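There are two complexes below, and they share chain A, which is joined by chain B in the first and by chain C in the second.
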Partner chain A sequence: MEKILTKKEFPSWIKNLKSFNVYGPVKKDALWEYERIQDPDKLDLNFKNTVLSPKKIIFPQREVILDFNHKKKGKPEIQEALPEETKNVIFGVRPCDARALTLTDKVFEEEPGDKYYLRRRHQTVTVGLTCSDPPSENCFCTSLGGSPHSTEGLDILMTELNHKYYVHSFTDKGRELMKAASDVFKNPSEKDKKDLKQVHKESEKKIKRQVKELSKITDKLKGMFDSPFWDEESMSCLKCGICTYLCPTCHCFDISDEVLSSSPLKGQRVRTWDTCQFPYFTMHSSGHNPRPDKSSRLRQRILHKFSYFVDNYDDYQCTGCGRCISKCPVDIDIIEVLEKVKDYE
Partner chain B sequence: MVEMEQLQKEAKEILKQGKVKFVIGYSKGSQNLTATPVFIKKPEHTSRLIWDPTCVQNLVKFIVDDKQKQSREKKPDERPVGIVVKGCDSRAINVLIQEKFIDRDDVYILGLSCEELGVVDEKKIAQKLEGKKIEKIEFAKKNNLIVSTKDGEKKIPVKDVLADRCLECKAHFPVIYDQLFGEETEREVKEPYKSIKKTESQSPKKRWDFWKEQLEKCIRCYACRSICPMCYCDECVADSINMAVTAETTAEEKAQKIKWIERSPALSENIGYHLIRAIHLAGRCIDCGECERACPVDIPLRLLNKKLEKAAHELFDYDVGFDHKKPSLISSFKDEDPEDFIR
Partner chain C sequence: MNENIYLPKLAKIIKIKQEVSGSRPIKTFRTQFLESSDFSHRSGQCAMLSVLGKGEAMISISSSPLEKDYLQFSILKSGRVTTALHEMEEGDIIGIRGPYGNHFPIEKWKGKNILFIGGGIGLAPIWSVLQTARAKKADYGKLALIYGARTSNDWVFKEELQELKNEMDIHLSIDCEEEGCNEFVGFVPQNVADKKPSPKNSISITCGPPIMIKFVIEALQELGFKDEQIYTTVENKMKCGIGKCGRCNIGKHYVCKDGPVYSWAELKTLPQEY
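Here is the complex of A and B:
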């Protein structure tokens, strides 16, 4: 379904989505974040990249897996805590972040399937926004098979055309969302369609950064596990979690029991984000750590994204959003690292 | 004036003579606007070293890193590390020596005076440009920055975009060094604790609301702790890993294990983490502001540390990192120390 929606009418569409939890980019001080919104006017589609991607809604940083309660007498009670059944919609999803969801799907859809992730994923409608202007100076989606108007992982793609949006839905979920307020949409004219093509074409040209010959890099990485290259490149790494926590495709987690009372034993089993960049990520209970230093951890990040994931799922585990580059406190630049891999002898 | 060529020359010389195993300094950043840390091992690479107001990082963290790496090596290279420091950073070295984490001989210090300037705050530059994307920042003559955006170049005086900490800096020249570049220019600091003035004047409720909102944002990426030269504990209280779990470990034993802070980024846990960290930095933080700069969600962490710095100054007449021969605040006692909080 392809329609035109004026910017003025956009809030009325949202107001018609009463049965949905609506999320979208909201500006707080100097930063944008995806937040649950009540007031459509708070939603700011004229936004630069958010700190965290919509990953945080579908794969929240903390998720309760089960509740446990062990009274002195009787068996322990264990209650599965699946996410609530709700209908969610996220507006203003960047095409790179939506593609990232399709990559994470591959991991969590594997047998037996991650019920928690999949429920949230299936009950969420993703409404994308074409990046007519790159939201970050470090965008490089086009190097990874994406584009500023890619539709992968999206139910709807909106493209800004002056004072209106060109709204294109590709899935049943998307069409249903548009039908919820059918009177606010108009049919596009031939000119609108022409303008859309123009904007999409222009948007690709505005992506300044790129990695060339990625397949060559993937091949090269296979022989670089023991290379001193990683020592050199990781010298300035701080071992913080910024690059991975902000990454829309990173999906590692830890599971721990949060005890609310020790007698009777009561609490929750939760999963929380974890990252290969933390020294304790691979720490064994024996005290041995197979990835003891930062060079092995930088290597893990690069190899997982550009070698292991390619082996396992035939795709790169990176969509070129540029967050890890922009927010690294010591300027470690994944594009530069990859380029150096290519030239490394 | 600091002559960059002289700095490069000295770095080259000490590398040539084998006095140091490598030199940590600043070089031009790739895409980001500030300088980037660089590790130079070969004398012929010293031309990569730069010095200008975009050299924001405190490189002393890498001394900590190297020390920890040495402890894992069978035959570590025990020569000193050459390091480029600003005034604030040099005080961090003093604290590390005071605390006996490093020896004076572990470092060869190339000290740079900020003279009448300091380093820039990227957020202030962004504000000046009203959201326009910065393509390039260059430091030009007469203490100006030339900032390029798609609308062309704009000249911004460095003074207008200096980091808050530089405006409150008590000594903008190194207090410990082997070689000094530039001069120990005196600069009057009218309000050394200006940034905390606002929160101090607020009611406890207002302050609590403010910190609740700030700490709720925390995603526990631990960038603040990772970048802090004073955070060198082998095991951080936030990690709780010191329990070997075997097949025989019972649920009760696991439940009894003390976890001071859960991994969940809940407000209570975030407060636990940040307040413990702040308290552990009392009398140790030299206000390099790196924690706040690194924070991806803009938590104003400097305010916590500044408040404790002020307490140390007012209650114990202690200023951090000025003399490595003096005992540290936590390990010293004076008869006239206030004790009205002991009840």
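Here is the complex of A and C:
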């Protein structure tokens, strides 16, 4: 379904989505974050990039997976704490972040599937927004098979055309969302369609950064596990883990118990994001650590994304959002690292 | 998909045996599910044990699948969860989920001699396959065990080993001389070199500390064992058990689902990340 929606009418669409929890970019202290929205006027589609990707709505940074309690001499009780059954919609999803969801899908859908992730994923409608201008100077989506108007992982893509949006839905979930406020949408004119094509074409040209010959890099990486390259590249790393924390494709997590009261024992089993950049991630209880230094951990990040994931899921585990580059405190630049791999002897 | 992959099933500890005391204690736990369960494992697989309030730890199942009455785990007190397990008593309840990982291809070894080589707690992961082979003795050739630990106190399954001596060749070792102990003095790889097991029609399975595994493999190769005849079982820190949490990988392999059992022919192609 392809329609036109004026910017003025956009809030009316959201107001009609009464049965949905609506999420979208909200500006806070000069930065944007995806948040649950009550007032449609708070939703700001003139955003640069959000700090975190909308992955956090599908796969929260911290979620309770089990509740347990154990009275002395009684049988312990363990209950699954599944996400509430709701209908969610996320507006303003950047195409790179939507593609990232298709990658985390591969991990959590693989048998045996992960109920928590999949329930949230299935009950969430993703409404994308074409990046008419790159939201970050480090965007490089086009090097990874994506584009500023990619539709992978999206139910709907909106593209800004001056005072209106071109709204295109590709899935049943997307069409249903548009039907919820069918009177606010108009049919596109031939000119709108022409303009859309033009904006999409222009948007690709505006992506300035790129990695060339990625498949060559992937081949090269296979022989570089024991290379001193990783020592050189990780020299400045502070081991802060921000690269993985902000990454829309990183899926690694920890499971731990949080005790709420000790007698009788009551608590929660909690899943939290974790990172391959921290030493405890892989440290055995004996103290032995298969990845003992920052060199082996940078290598893991690069190889997971550009070698192991390619072998296991036939895709790069990166969509070129550029967050890890922009926010690294010591300017470790994944594009430069990959380019250096290509030329490394 | 109705099953919750993170939900453990409750099991009662029906028996605890102190295998090793001292500063590196080992206990063997036998457990039974409280409710009937479809849990069915193969030798070499692991299970995720839960102590509520403490967390989970991946432990290899040391009982044979032929043993239908209980699941057995032999556990070195080492981290948060294993310490909590060591404080538990018979009758206490733990959570179990699994089984996880691949298994020893014991069906393919029919007619072959099997040499088991263990160090310290490393006997636990191969105890299951050893018990299966022993129970189906007619299916296999000669069975033998080379096993060592720091001291004679650190051997696990001491009583069972005494009994087994009537059934198979058992070569024990200790790292340093001890009064009253007549077993081989030296490390496990040295004992392997000393006993010179024949590679002819044989499979060897080894498990122990990473450094021991490395030198055992070298000793076996020296004796003429081919890479395909050498099996080992590796471990890495795990949280999910199903290849999603991302930490137990050796290269593109997740030990929790693609391992823990590898032939040296397979393992040597993977990066040294264990």
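Going forward, the second predicted complex is superposed on the first by the 345 of 345 C-alpha atoms of A that agree within 3 Å, B and C clash if a C-alpha of one lies under 4 Å from a C-alpha of the other, contacts with A are read in each partner's own complex, and residues count from 1 in each chain.
Assume contacts are C-beta pairs under 8 Å (C-beta built on N, C-alpha and C of every residue); 3 or more make two chains touch, one makes a residue touch a chain.
Not measured: the values here are computed from a predicted model.
Participant: Between chain B (first) and chain C (second), which, if any, makes contact with A:Pro112: first, second, both or neither?
Facilitator: In the superposed model, A:Pro112 contacts chain C only, not chain B.
Participant: Once the shared chain is lined up, is A:Leu265 touching chain B (first), chain C (second), both, or neither of them?
Facilitator: So A:Leu265 meets both chain B and chain C here.
Participant: So, A:Arg121: does it touch chain B (first), chain C (second), both, or neither?
Facilitator: After superposition on chain A, A:Arg121 lies in contact with neither partner.
Participant: Using the superposition on chain A described above, determine whether A:Ile325 touches chain B (first), chain C (second), both, or neither.
Facilitator: first
Participant: Touch check for A:Arg209: first (chain B), second (chain C), both, or neither?
Facilitator: first
Participant: Which partner does A:His70 contact after superposing on A: first (chain B), second (chain C), both, neither?
Facilitator: So A:His70 meets both chain B and chain C here.
Participant: So, does A:Ser285 touch the first partner chain B, the second partner chain C, both, or neither?
Facilitator: both
Participant: If you stack the two complexes on chain A, which partner ends up touching A:Arg94: first (chain B), second (chain C), both, or neither?
Facilitator: After superposition on chain A, A:Arg94 lies in contact with neither partner.
Participant: Residue by residue on chain A, keep only those touching chain B in one complex and chain C in the other, then list them.
Facilitator: Of chain A, residues 70, 254, 256-257, 259, 262, 265, 267, 274, 283, 285-286 contact chain B in one complex and chain C in the other.
Participant: Show which residues of chain B lie in contact with chain A when the two form their complex.
Facilitator: 29-32, 34, 36-39, 57, 61-62, 69, 72, 123, 126-127, 131, 133-135, 219-223, 225-227, 239, 241, 243-246, 251-252, 254-256, 259, 262-266, 290, 293-294, 296-298
Participant: Sort out for me which residues of chain C touch chain A in the complex.
Facilitator: Those in contact with chain A are residues 1, 3-8, 10, 34, 52-57, 78-80, 82, 93, 95, 210, 235-237, 239-240, 242-252, 271, 273-274.
Participant: Name, in rising order, each residue of chain A that touches chain B in their complex.
Facilitator: Residues 29-31, 48, 51-52, 61-62, 70, 137-138, 209, 235-236, 238-242, 245-246, 254, 256-259, 262, 265, 267, 270, 272-275, 278, 280, 283, 285-287, 292-293, 325-331, 333, 335-336.
Participant: Mind listing the chain A positions that touch chain C in their complex?
Facilitator: Residues in contact with chain C: 65-66, 68, 70, 75-76, 78, 80, 82, 107-108, 110, 112-115, 118, 225-226, 251-257, 259, 262, 265, 267, 269, 271, 274, 276, 281-286, 288, 290-291, 296, 300, 303-304, 307-308, 311-312.
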